[in-house]
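Note that the chains take the letters A, B, C, D, E and F in the order they are written out, and that residue 1 is the start of every chain.
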């Protein structure tokens, strides 16, 4: 084909062309791992498109696709801290394979995939993109299996405790219960931040008490201040565990800010508060993995508030890690 | 019919089956008064599905139905105060009967219904669910008629003064004017909280001044602090009146939080502020009745932000009463 | 409680009060089977709220609830034929119990429930309300198990063949394949009506040919005329089978008429055509059961076009049965 | 103000500037009657913004405004008949004044307004724009009062009979009952076209039979053909009455075509059928007035299908009158 | 990277992975021309993302992206004709480069791009995807420039004549005027099919008459029948021209079927009629290029009716060409 | 026409009738300048309906119309300051004339229009209503041309720097770059307030540094406090410039508050913060003009949050000017 053809046409097709230059978009910055021979990714990204495990009907399985599509709206420059974090290398692993009707097999695939990821990229921070909250159990389990001699703690941003019993199998209401009862994580090493309102039944509160799960209400967080509260939680955890897993159920946000999360509620967190928390969490190298769950892009408003908020949150977390700990990250190995 | 049939089928039909157990939903907690022989309801609930009296077209008459439907999304455990308030007994009275074209008769029915309610349940707190704001006039009038020797005050959360003249009859713009000019409530015993912006015409301001209605702007509220402001208002009222009626026009909320209220505006209250106000109000046994008005469920967003916010507000008010004054309530009789 | 209370209030609460009189709504006509001791129901209704088996994310599991809610919009008088069919007795059985994560158990529950239904109400026509199309396989299987010596045929209104292979387990793309390969129904006894466009992959066409499934495109249907086409199909089936099962995947409708069906497409059937087909089908007593599947009420437009169209279709089918065969039905027993 | 200012600015403000030229929009063609001294209007337009009389909540009162706003999307050239009908003179009278809470007074205002219109413009065709269907009763009553020695017939395009009893006063479900029982129009002189489905309760059918209202179902219309059916109806009416009133309840349309009519249903008329009927009706000078009712612009889809369809229908009716009878109209006086 | 990693993960990232097998989706069938060395494409596809030339605001520039995204919903098997047309080779050229503020340069780029395309792929059918209707002028001009000794005719499916004068430059209202006045195409060789209603001002009708543009109304089309009408048009054109260009303004569709076209109207064509026309047009090898214009994906309904209808139409056109003329195509050279 | 006709009818038509009385709406307060002979307007309003210059597709050109329509929802009484500002005289100039395809000509028209406005009304504050942000460059240029010996500064509320290079001509991404590189405004005299997140590429930051544009992030603003920050900015500007131009890109708002701004983002400003800023800015007579840009009313939510927020912001700015400086304004002449 002659060169001339492309004088007035650009190659678009169904493929995102990666661009380079002084200015790049997030879509150009995050690279499929199979396109670049590199093992020292600062972070790797894993799509986990499962939501048929959700108690109420959800299309959160569509979120990894919507999330990647939103990348063209964001740059690699973080204005609040005046820093270009493109030097932080992020590889996209693709999505965990799912079975259409065997939900347990899906969870098993997630666990196996996470184990492979850690095998292949032991020094990389792992960011998983759900899917619903049921994915957190196999993800954390994989970390524990891979690091049998390490103790794991969890920081959970959530309006719900996710401590339901297992009578209906592993759902988006059970991950913390599974991990605690499965001896993967001790209840006392779980810090649930953002609880409020009328969304946790007494039996769950009782389960939290029984397992000594730490519950920090949104009111307490606001009263103490985000920086102070996160510092206290992380100082406590640092004394007790070797690895911290951060799980963000986006239903922690107020429904005005996250209309696309089926379980979001009035009285929840504002996005600026969430971003501040994630910025603070980025200071701690002990945090080795995180996930964002329960965003149903089919229910988002036409402005895509929720998809954009999640992308903003994800970038804040990574930018903060870049600022605070890039070198440290590279020396650590979980 | 054999038992076997229901081994794999559950009775759902068009009827909500009431459930019991450690965990119950609000739908299982609020009981139709005709299903349970009891006179000592802590609170009774009255649906008031009237909105053809609204100045601009509104389907707020559909709200009692939407409100009850939302009950399945809420539990009886209030996390912020770590209390299960199911012990607070709430009876659902059903809805006031309405006439399709005779609006005055509708208002008369509301007044007569409220009178019957007080006759039957003199010790119960009465929560009315509108409907538009025109319902407040007959509701308060009924209380005054039933308690001719008591003085009534009003705490009104509203972006508008609702002091329009009666030339177009009783509408959602006139209830306070009706009560003040009808000598049911003195203007000086009305406290309107949440006013702001460009939504009250000069003639209404003048009417407020003339009748000495107390106007507390949203800015003043924020400047003074919610707890302090409510305390001051209630202390003043306690010296002047015997009974306080709380009326919540949901248009007091910012349009970002209450898109389903036809008259909601930018620059309004946040939901967390509203919830805090209602929690504070729950401390005062002198408050004997309340209403929530002007929510049009047909205009709510698909996430149902406004319907959920109203339910959250309603539960906060009741939970606070449970916490602060349950015993007191039972000893009082209006 | 005094009578007086209900002079101005009506009992509404969260319960539909059944009304009687010259005019009743469909909600008053269809009675929960546990409320009326009767075994000779002309038809029984079974909710089947399963859609986590759907290939793409779907909230069709919410449809039985939305369907019952729509009953208040319809009367029992069918204007087109000038007949009040309230004499046709329809009992609502409730919904099949589902497991949250074990999809095979859900399908097993459906089959067992359907077997119980036939045991209990052997003479009643069974109308099942999905849920996604995966429910058709266990429903038909139950009929076959209960009538092992009878031959079953299927009339399928659908844009898709639903003949996918079982590698991903039983989904909404596999029911016909399951039934044919499971020797429950012979391919030659399946008549798929309404196929068109670009929605069936070559492997499915090949499977249809291999199993001798009868394919009647929408163009053929229109060319021959609905009455004539249905007559031909039913005459052929009457010679080959003892029982006909009618399954209506609402994605057979054009997307302009059924925006709430995730897989509806341009170029599909109009609602008036669907109603005519169902009216014709009502002439044949050999049709012993039917289902409506794949309506996701969360995706319907605000006017609820799709929910209303399904209710209209359901009523047309029953009204036609009432007109054509009520007596015959009562004498038959499958 | 210097001329120069408007070299680069155009006067827009909140006022539609009427334009003239070879091409004009409908907004430029329909002239407020107070702007042009003329008594021989071919037609006059009367807005009737009342819908608090609607049984279910409706904002049809907003329709006259939405209707006028749509005029900028239409020209005065009717392509189907290749005719520019701008020579047909249409005057806009404005809207009937309404009372906010006295619905009977609203109906009285409508009747008085219509009487004035006939007094002032006896030779003009009157097009009324609702509002809900309750407006038809006072409109027709005014014609009868003004023409006490004339007999009036009605052609009603509707999915419903509108023959409800008056126990709830005059609503959008009662106009035909009011007119028949009030001896304004004989039942045998009412032709209801477009009935179908499950939307008329038995008591209404009975009332229709009792009053000998002519019922023509949508199926009959389609079977006979529009031109033929309308011709038959009009020939019958021409023998019996002096004046025909045409009332178009837009719920006669299928819900796919009229999502903005609260009561529109599946199985209804297509817009092209409605336009054909209105074109046929335009042939009969005996038709002296018409109305379009029950369009709620707040419920229309974002594409404004329903508002545009009503405008198209309105223009078709007028264009047809222009083509068939302009001269005749001017000689007639009702 | 070890193989093992991809045992449980699939490569998804932001790139559509092309799949092969018995069943492929349209996304796997249409190949970027730069990925496959081939010059004998049966058809090539050109995205033309320009809509700032639209008279009213439009995001039709976003359509090429939305169109390609819809490819995953369609297979290469055309059920109506029982044919798999994957043997028809279609290459995606990408999108014409646009300037953000120089609209004339955009049109020049389109013309130059089209010239390059014809130079490079002289035997391929060219399908252009708009963008708004202004793109048709430069596209046809390029064909004429490349084939100076050939006569070009146009079949236009449109509710509008697009014969506006050029006083506001080349817009979506002017393409036919530009081509006729620019002597690229004679008016008598333009056949506009689908006109109706109140959407063409008298000056445009006059321009059509002056230039002898052939106007075939939707009513005429329906009266004559699609097959017959298309045959007549094409027989006439075949005698007069060497090349036929087919331009489909999707506003020809009824607003119920195409809510996402800003200018779609009531009273328009149904999708099944459009598909039939395109199928008929596929019989004529003289048709050498086509375009689809004026679809604004931001205005489409959530079900994506309009995007899907355009894809269906596009595939019908190509499938018909495959069926009727594949060999012929390869021998022809424009 | 007799008076009697208007006893029951009111003149509505398509024209807003201006009303007078104790209470007026904003629609009655803002008067077309051609309707009232006056040269001492306190402020004049200029519509600038251009958005085909927007980088991404936008219908911000429709905003002036939507803005004026919203005026009927607001009164002239500002509750927060307890003042009726109707004495502040505002004249509506209409809209700048635009060319459909020549964007440079549009910008030229804007500049020429603004020059005429200043010529005609030298003492009036000018409020321009976009349109997209590209309009700011010609508006400020006109002020500079008219006041060649004055120095101009800019306060910009924006999430973006708008310092893109001019390779794609003047767009909504370039106005500040154009003004700075065109020596109309010095970079050091530009104060951009509200920056945050991931929306400014490194090249823009570099350009800001190079031109010494002052960047104040949203976090800095919140940390310092609005009153204090604005005071500091205005004190600095007062020392450096003669005239301050205030430009408000509504994308500075959080997406929860401004869903109708195509570029609004999570993490942005709340409306109450914006209103406070505008109130503070009203204290400085040196501010001589302002604009509001980038609101696309077609993308606003059904509650019209964004249109209402802009109107509220506009009124706050004018009310504050009335309160703080009315007399001063009249003595000044730019």
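Some observations on this one:
In this section, a contact is a pair of C-beta atoms (placed from the backbone, for glycine too) under 8 Å apart; a residue touches a chain by one contact, two chains touch by 3 or more.
To keep track of the chains, here are their UniProt names: A, B, C, D, E, F = Formimidoylglutamase.
All values reported here derive from a predicted model rather than from experimental measurement.
Chains that touch both chain A (Formimidoylglutamase) and chain B (Formimidoylglutamase) are the following: C, F.
Look at the CA centroids: the one farthest from the centroid of chain E (Formimidoylglutamase) belongs to B. For the interfaces E-F and A-F, the C-beta contact count is higher for A-F. With centres taken as mean Cα positions, chain F (Formimidoylglutamase) sits 58 Å from chain C (Formimidoylglutamase).
Note on chain placement: the centre of chain D (Formimidoylglutamase) and the centre of chain E (Formimidoylglutamase) lie 40 Å apart, centres being C-alpha means.
In chain A (Formimidoylglutamase), 256, 299, 301 are the positions where the chain touches two or more neighbouring chains simultaneously.
The list of touching chain pairs reads A-B, A-C, A-E, A-F, B-C, B-D, B-F, C-D, C-E, D-E, D-F, E-F. Those residues of chain C (Formimidoylglutamase) that touch chain E (Formimidoylglutamase) in the shared complex are 195-206, 217, 219, 254-256, 259-260, 264-267, 299, 301.
By the touch criterion given at the top, residues 1-2, 4-16, 27, 32-34, 37, 46-47, 64-65, 68-69, 71, 92-97, 109-110, 112-113, 116-117, 119-120 of chain F (Formimidoylglutamase) touch chain D (Formimidoylglutamase) in their complex.
Here chain B (Formimidoylglutamase) touches chain A (Formimidoylglutamase) in the complex through residues 22-24, 26, 74-80, 82, 84, 256-257, 271-272, 275, 301-303, 305, 308-309, 312, 315, 319, going by the rule given at the top.
Within the complex, the chain A (Formimidoylglutamase) residues that touch chain C (Formimidoylglutamase) are 51-53, 55, 57-59, 61-62, 99-104, 168-171, 298-299.
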